[in-house]
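These notes open a run of structures that come right after.
You will see chain A twice below: alongside chain B first, and alongside chain C after that.
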Partner chain A sequence: MTESIVRALKCRECGQEYPIEPTHVCEFCFGPLEVVYDYDKLKGKFTRELIESRPQTMWRYKELLPIDGEPTVGAQNGYTPLVRAKRLEKVLGVKELYIKNDSVCYPTLSFKDRVVSVALSKAVEFGFTTVACASTGNLAGSVAANAAAAGLESYVFIPHDLEQGKVLGAGIFGTNIIGIKGAYDDVNRLCSEVAGKYGWAFVNVNVRPFYAEGSKSLAYEMMEQLGWKAPKHVVVPMASGSLCTKVDKAIKEFIKLGLIEDNGTAVYGAQATGCSPIAKSVKDGTDMIHPVRADTIAKSLAIGNPADGYYANRVIKESGGWAEDISDEEVVAAMKLLAETEGIFAETAGGVTLGCAMKMIESGKLPRDESIVLCITGNGLKTQEAVIDAITKPRIIDANLKDFDALAAADGVQTS
Partner chain B sequence: MRFRVYLTFNKDSVREPIIWKLAKQFDVVTNIRTAEVKDDMGLVGLEIDGEDDVVNAAVKWLGEQGVHVEPIEQNVIEG
Partner chain C sequence: MSVTVRIPTPLRKLTGGSDEVTIEGTTVGEIIENLEAAHPGLKERLCDDKGEIRRFVNVYVNDEDVRFMGGRGTELKDGDEVSIVPAIAGGC
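Right after this comes the complex of A and B.
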């Protein structure tokens, strides 16, 4: 077995290093902590051949994920399809377009299964027996499901008025669901206090540095599936902004390890206009993120004060990318377009990603003649309410052939 | 309790000595750990130490002054 190359937790602001523990902010400056590695230890050992010889899961890149040894939670997760979107290419007028399709990520149909499996595997290593999260959707379902499969106790905190469908998506796994009354900020603050007070692994609080690293696996897969190369352009949806930074980190790691050539990949961020603090900062040419009150149907991206916003902004600028935002109507239209051209039913965040990409292609920010990957991070079955009024209603006929013949004739369908 | 928060000041509040007023009005120890101030907004990482009730009242008062108060994790609730 390859030895762990994880070196420490390091403050992104002041550079202070900490041992590998369940902690997430710098005690000196409150900066976020990030896992850092000794890549030199992998030189010559972590090869394409080694990776290709392993099972097709996100853990085929385990040396670059912050766990010791083998994963104990979510061992089957990841390795979703990378689809060449030929029909969508024609509609958009671009030469080479791919969809990284995490709407079919195992087991709960969102890319959160990647981050959660790393967070919970690490939590088990740390000796936690209870895991928790605060979520309005995908994260809740993923924590509940992965915890159930691993035999861990779980607590999921939600706003008390969350839609029944979303409660169901976590509740079926037997988790402890706690609905909290109050304004968003108060609920948010309580969740932070709970995370600090109880001896639990709160996935997006005290084990956040490990949790966030799981996102890198999406980009590792993307590069391997492209034939061991990075795309020229990659578009990611932004909530906290973490995925944006981790895609960039993953590409740089593969370059550093000699697994791919530096393709000068530019990273682009996508948000819904009703919650677009990062896109706004990029477009305004500032690095300060102004918090907003989220108001969009893209609820999985509705983070008004994104913790990684500053860092996502920096990655976008330094890589030569851009950020865009689109209206809720454009989100729905893009969801339909993706479904009708590629047979992929993405959640609202997927509509945001495609819709923003289309806007950036039109404006010339995204070139038409170079490779583009769109990261689709969740499944449309979870956000059906967003498109329920936009789909064609079934035409009802009586159960006889005559009625269908009339309908087919009206459609201009020929009999054989 | 010792509560660690990020305060975001908007263009109306960024020039006000709000943290000074906070310490005058409430029996808390304030400790600025990080800060960035520009023309139209400011961001301050602040530790507020005191009795639970007093700290909670202080946080409520900050909100009333137009300051956005969030835990240092910022948005804990994810999609």
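Right after this comes the complex of A and C.
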């Protein structure tokens, strides 16, 4: 067992350090806390060979995830396919395109299984027996499932008008599911107050610094699967902006540890126009994030007041990336395109990511001749409402060959 | 005119452990000044050097974000409830 390299919780604003505890806000300046590490302790010990010798889960990178010892929750989670998107390359006119496909993440089909595995393992370490979250849907399902498998009590808080697939995809696990009359930002505010009152581990409140680190595993896998290389460009969907910052952190960690060469990776953010406070700030050339009232079918990204918006904005600018936003119609069109070219049914957020990438390829912000990875973070079966009117309905015929022959003839299909 | 201010966990050390305090004031800005007078140290946690509410601090009046109202100038009436909430994350 290697020694934990976690050093402390550190305020991202004033730099004040705190011991490892279930807390997320600096007592001095109210800034958000982040886990920091002593990377020097890993020098020469954390090698490609060691990682490759381990099971294909997100925990093959456990030294860079903030728990002590082995994970107690979600030990099988992560390690999703990185797909070379040859057919989509042709449509978009780009040379080297990959999909990091977390729409098939174990066990609840979204990248939230990564953050939840870390958050709940940490919650168990801290001695909590009830876990909770504020969620736009995917997180609720992941907390409910992973808590069920670990024998933890759970409370999940969601906006009352979420997609049926996400409500069902949490409720099935026997969790206490609470619908809040309001938008996600209202749920968030309530949970922040609930977390202060009840002795629970709220994955995105009091254990948020640990939870957020789980996102890094998506990028570690991406780099290993590219043959121990970072892409030139990576496009991520943005709600709070957290994933954007953690992908950047993961790449920098691998460079620091000598696992990859610095490829000058630029990070790009994608939002739906109906909720695009971070993309707007990037396009306006400011670092001021103005909260908005979210109105988009991409509900998993509908956070009008993004907690990590400022940091996401900075990562995008410093890495040489860009941000874009697209309409709900473009989201649906991109979901269909991804499905029809690569056989991947992504949720609305996936449509946002691909659609924004297309817009940035057209505008020249994303070059056509360099490697691009698109991060797909959730599964389309959970957001069926968004595409139900846009897909081909079955043509109903009787169970007889003549009827099918007539249909095939109308389609111009030849018999052999 | 007095309003109730709900204090988040990280700031309760400054209010002697209280999760709610009653403060006089007619605007959000005044409430922050009077909070500081009653519980020294609160203002610097809520506001930056220029006195603006910090970007990762959310202030709500009766469940409405003051950024959508008048910011620090948001007017208050007797019995209003003010919540101070640190920014938190969900989604991606």
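In this text, the second predicted complex is superposed on the first by the 399 of 416 C-alpha atoms of A that agree within 3 Å, B and C clash if a C-alpha of one lies under 4 Å from a C-alpha of the other, contacts with A are read in each partner's own complex, and residues count from 1 in each chain.
The rule is simple: a residue touches a chain if its C-beta (ideal position, glycine included) is under 8 Å from a C-beta of that chain, and two chains touch if they have at least 3 such contacts.
Everything quoted here is computed from the prediction, not taken from an experiment.
**Q** So, on chain A, is it clash or fit between chain B and chain C?
**A** Result for chain B and chain C: clash.
**Q** Between chain B (first) and chain C (second), which does A:V236 come into contact with in this model arrangement: first, second, both, or neither?
**A** After superposing on A, A:V236 lies in contact with chain C but is clear of chain B.
**Q** I'd like to know which partner A:D161 touches here: chain B for first, chain C for second, both or neither.
**A** A:D161 contacts neither chain B nor chain C.
**Q** In the superposed model, which partner reaches more residues of chain A, chain B or chain C?
**A** C
**Q** Please indicate which partner A:N305 is in contact with in the superposed arrangement: first for chain B, second for chain C, both, or neither.
**A** both
**Q** Answer with first, second, both or neither: which of chain B and chain C does A:E49 touch in the superposed model?
**A** neither
**Q** When the two structures are overlaid on chain A, which partner does A:D411 contact: first (chain B), second (chain C), both, or neither?
**A** Neither partner.
**Q** With the two complexes superposed on chain A, say which partner A:F111 touches: chain B (first), chain C (second), both, or neither.
**A** second
**Q** Does chain B (first) or chain C (second) touch A:D398, or do both, or does neither?
**A** neither
**Q** Of the residues on chain A, which ones does chain B touch that chain C also touches?
**A** 13, 24-25, 28-31, 133-136, 139, 184-185, 187-189, 191-193, 195, 204-205, 208, 239-240, 288, 290-291, 300-303, 305-307, 349
**Q** State the interface residues of chain A toward chain C in the complex, per the touch definition above.
**A** Going by the criterion above, the answer is residues 13, 23-32, 111, 133-136, 139, 184-189, 191-193, 195-197, 204-205, 208, 212, 236-244, 288-291, 293, 300-303, 305-308, 310, 349, 377.
**Q** Which residues of chain A touch chain B in the complex?
**A** Of all residues in chain A, those touching chain B are 13, 24-25, 28-31, 133-139, 157, 159, 184-185, 187-189, 191-193, 195, 204-205, 208, 239-240, 288, 290-291, 299-307, 349.
**Q** Across the complex, what residues on chain B touch chain A?
**A** Going by the criterion above, the answer is residues 4, 6, 8, 10, 33-34, 36, 38, 41, 43, 45, 59, 63, 68-79.
**Q** What residues on chain C touch chain A, complex-wise?
**A** Contact set of chain C toward chain A: 6, 8-11, 13, 19, 44-46, 54-58, 60, 63, 65, 67-68, 83, 85-92.
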